[in-house]
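Consider the two complexes below, in which chain A is the common component and chain B and chain C are the respective partners.
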Partner chain A sequence: MTVSSQPALDGPRQRDPFLVELAERDLLVAGQAPGVDALGAPVERVVSRMHAEIGALRREQHGATLHFPPVLSRATLERSGYLEGFAHLAGSIHGFVGDDDAHAKLVDELSSGADWGHHQALSDAVLAPAVCYHVYPLLAGRLPPGGREVNAFSYCYRHEDTAEAGRLRAFRVEEFVCAGDRATCERWREEWLDRGSAYLRGLGLTVRRELAEDPFFGAARRLLGADQHRRRLKYELQVPLRGRWLAVSSYNLHDDHFGRRFAIRRDDGEVAETACVGFGLERIALALLAEHGLDLDAWPADLRGRLCR
Partner chain B sequence: MHADTIGTAIRDVLREHGNVDSDALGEGDDLYLAGMTSFASVKVMLALEERFDVEFLDAMLNRSTFSTIGHISVALHELLDGDAQTV
Partner chain C sequence: MTVSSQPALDGPRQRDPFLVELAERDLLVAGQAPGVDALGAPVERVVSRMHAEIGALRREQHGATLHFPPVLSRATLERSGYLEGFAHLAGSIHGFVGDDDAHAKLVDELSSGADWGHHQALSDAVLAPAVCYHVYPLLAGRLPPGGREVNAFSYCYRHEDTAEAGRLRAFRVEEFVCAGDRATCERWREEWLDRGSAYLRGLGLTVRRELAEDPFFGAARRLLGADQHRRRLKYELQVPLRGRWLAVSSYNLHDDHFGRRFAIRRDDGEVAETACVGFGLERIALALLAEHGLDLDAWPADLRGRLCR
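Let's look at the complex of A and B:
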């Protein structure tokens, strides 16, 4: 089925001209909620090939690679501190609680357009805001000498209001987590910055490296965002997307934040530090479309061979 | 404001917002090691600003400033002494 004959699907909120062009070719079609979009098969193929290629860049070829569902234990989210920093971005999952009377009220409220949320209660699961949150609980205990690296992959969800190309609310991240001592985490991140830059350049993209900060909620941004910036805890690799720069990969040091919260210990018994690196696969795919054109058959031959077959 | 008044106020704020037993801590003890989380340090920052009617300068907004009672005290003195007002 082609949906390009139904432009109404893209709706009035589709303001970005790049998004309109993508939708006309069925490459990225807007869903009914902002930032929750469908990928056309050729773009999905690019994403899945990059998933395999980036996964193969890891240092420890023998280490674990884990594919997680988009859903995370609520207890893990609570333990991670995510709600203290990013309550506005968390997507919680609720379920109906009540008897037949309450259910009848819910249906009445639904049909009259009233708020039915008060019948819902928090469940034991949330939407994963980042892939690495799946990993930290698995690292609890004592690490081997030299630390550990884990490769993980899943959909993530961020509760953002967006109509901007490249800012999806549901997206896939190829992620790597390192746990060990400070020097190990710093060296590991630096190696990944080089490896990530080389990979993106190999896709024909111009890459720039920028210091960044996480979008903390409220007043926390003043202190924690500035501190992150000053202490160079977060770098992004950015690539061009139609006249602006789009962050497609991030490189983070966490101090001992997750080591403490998830009881991760180095081989000498001290609290471990952690670092993570994530590649936003849909974002890289969009940057490739912007760079090489919306006709994937006209992409450079080596990229077609790697990503389009 | 006297140094001991400021010191007492810092300990009050840390007890209430910093999640630490501030009376048991020395001027140089690491508050993060004593159990203050990143989020608690933000609450401490806001409570101190309200209590002293000051605003921490951008250059002070880092983990180090809020890592010990002594460092917090130095930053507050700088703000209260007025020479920071012209920055």
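Let's look at the complex of A and C:
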């Protein structure tokens, strides 16, 4: 089957006015495609400080933060079930396959603006859609009594067709994964909802807690979305961004989905349940700019001391 | 044209003995595919400290470090000429195209282990092959007198088929880009060769400087490789890694290649020349482990103070 390139992501695009303002003040470096912007140096510092602060919220219990590259093994993604639920958001990495003649043809196609995607083949790597997918393979086997918490950090990628503020395609998430029995996962998530709310309020943000569902695709949309909502499997913490609410942190129970797929067993030999909590660092930084203003020198003194130096 | 997935990158693989040693001591978290390993927390700290130190080598002159996501616009890659020279190393990002029926077919293919790459279409994004590709579009237009230097940082991706130590597929580079006239670029590169050598020697590494050529593909291999060598356009600084030499930093003149392609003009209106210098942070960290040992507490005191706390 020959596929054509995706025009929806290629066309010119109305940039979100907030992003335009940020770019005018060097708080954002506008990317050459929607959703691949870079942060200006002062905002990058805020992200880096929040990475340390959020990671430290549980440092005594979970050990060192695992820092992963943006790339994940394709086998792990396939095993996780992500493509069943979210094929439309996955970014697969493809590489050139061919000899010098095929390459000469590619070069011709480039110069004529033709789609050269047919020279590329699915590789054994994909972009990580969420940090926790790096973690599940490492949890395979038997957990210690009481379960286990892991803190991990990486860039994530979502293949989203939008240039709206807060919906980046490449972004960093500070994530925590819990594996154990149901009660442990539920209690852990509840504690993190409190801890996450307190952290965000401590940044001077107004926080609301909402039940949410994942943007499932295909058959999974009908089968899983309502169930997720009804069974309260996903909460988000949302904060204001210029007149709308932006989800900046999510709190998820997975039942035994990943436990089964990655052979994670509890201390007593039963399949483990898992839960995860993620903080979207670029999103929180954007919310801070919206709340406290684009002049970081005018932010509240305690925030300047914590995040801007 | 139908393409098949790339078995060469998928098969089981002899892991480099040095990487095995590192993984046994939690200094490396072995990825589920070759070349996508993560660093253990103590080594991650070393990388983070070197990022700050190398960036600071010229902070007074070049302003703040630009920190980019791992993803680059496809249009920028096409414009840069990278695919003409290095199609085999590029990683293009593909996304799912199709409706619920196509998705059901994808799910079937996944469960039978079939290649599902044909559902994916070339998107408007690619993985950044080098940090400097983020920078060239930002230099378009007229440079100030004396040219301009930019410091930038991001993850890079190379589609390499190897699991050898030091040849990661996803890795971080601290990079400097210079744009100006020929003499400025040549002097700038020479200064950086001295500065880079001094920095690496200051880490206790033995450093050798070598003429090098890029691993061109296709017709470019014959046309450009020897020329690059003869005209001394590329130098590398190499350091020992377990009985071989590992290139950890490269120093490149580009003539007016990027100046023409990205419409970068000198102060006098002529097309600018460019040069770039990159430090591979994971590679330097691996060389430090090989040189000073896998017990970071036993590293020389000044290095511990600088890189390990």
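Methods note: the second predicted complex is superposed on the first by the 289 of 309 C-alpha atoms of A that agree within 3 Å, B and C clash if a C-alpha of one lies under 4 Å from a C-alpha of the other, contacts with A are read in each partner's own complex, and residues count from 1 in each chain.
Here is the rule we use: a residue touches a chain if its C-beta (ideal position, glycine included) is under 8 Å from a C-beta of that chain, and two chains touch if they have at least 3 such contacts.
Remember, it's a predicted structure, so these values are computed and weren't measured experimentally.
Touch counts on chain A: comparing chain C and chain B, the chain ahead is C. Contact with chain B, but none with chain C, is seen for A:Arg230 once the two complexes are overlaid on the shared chain. Judged by the touch definition given at the top, the superposed model places A:Asp115 against chain C, while chain B stays out of reach. Touch criterion met: A:Ala219 reaches chain B and chain C at once.
Look at A:His257: by the touch rule set out above, it reaches chain B but stays clear of chain C. In the superposition on chain A, contact of A:Ala90 is made with chain C only, not with chain B. Of the residues of chain A, those at positions 84, 219 touch chain B in one of the two structures and chain C in the other.
Residues 81, 84-85, 219-220, 222-224, 226-227, 230-231, 257 of chain A are the ones touching chain B in the complex.
Residues of chain B that touch chain A in their complex: 37-39, 41-42, 45-46, 58, 61-63, 66. Per the touch definition, chain C reaches chain A in the complex via residues 1-6, 9-10, 29, 31-34, 36-42, 44, 64-76, 78, 83-84, 87-88, 90-97, 100, 103-104, 106-107, 110, 115-125, 127, 134, 137-138, 155, 157, 159, 168-171, 217-219.
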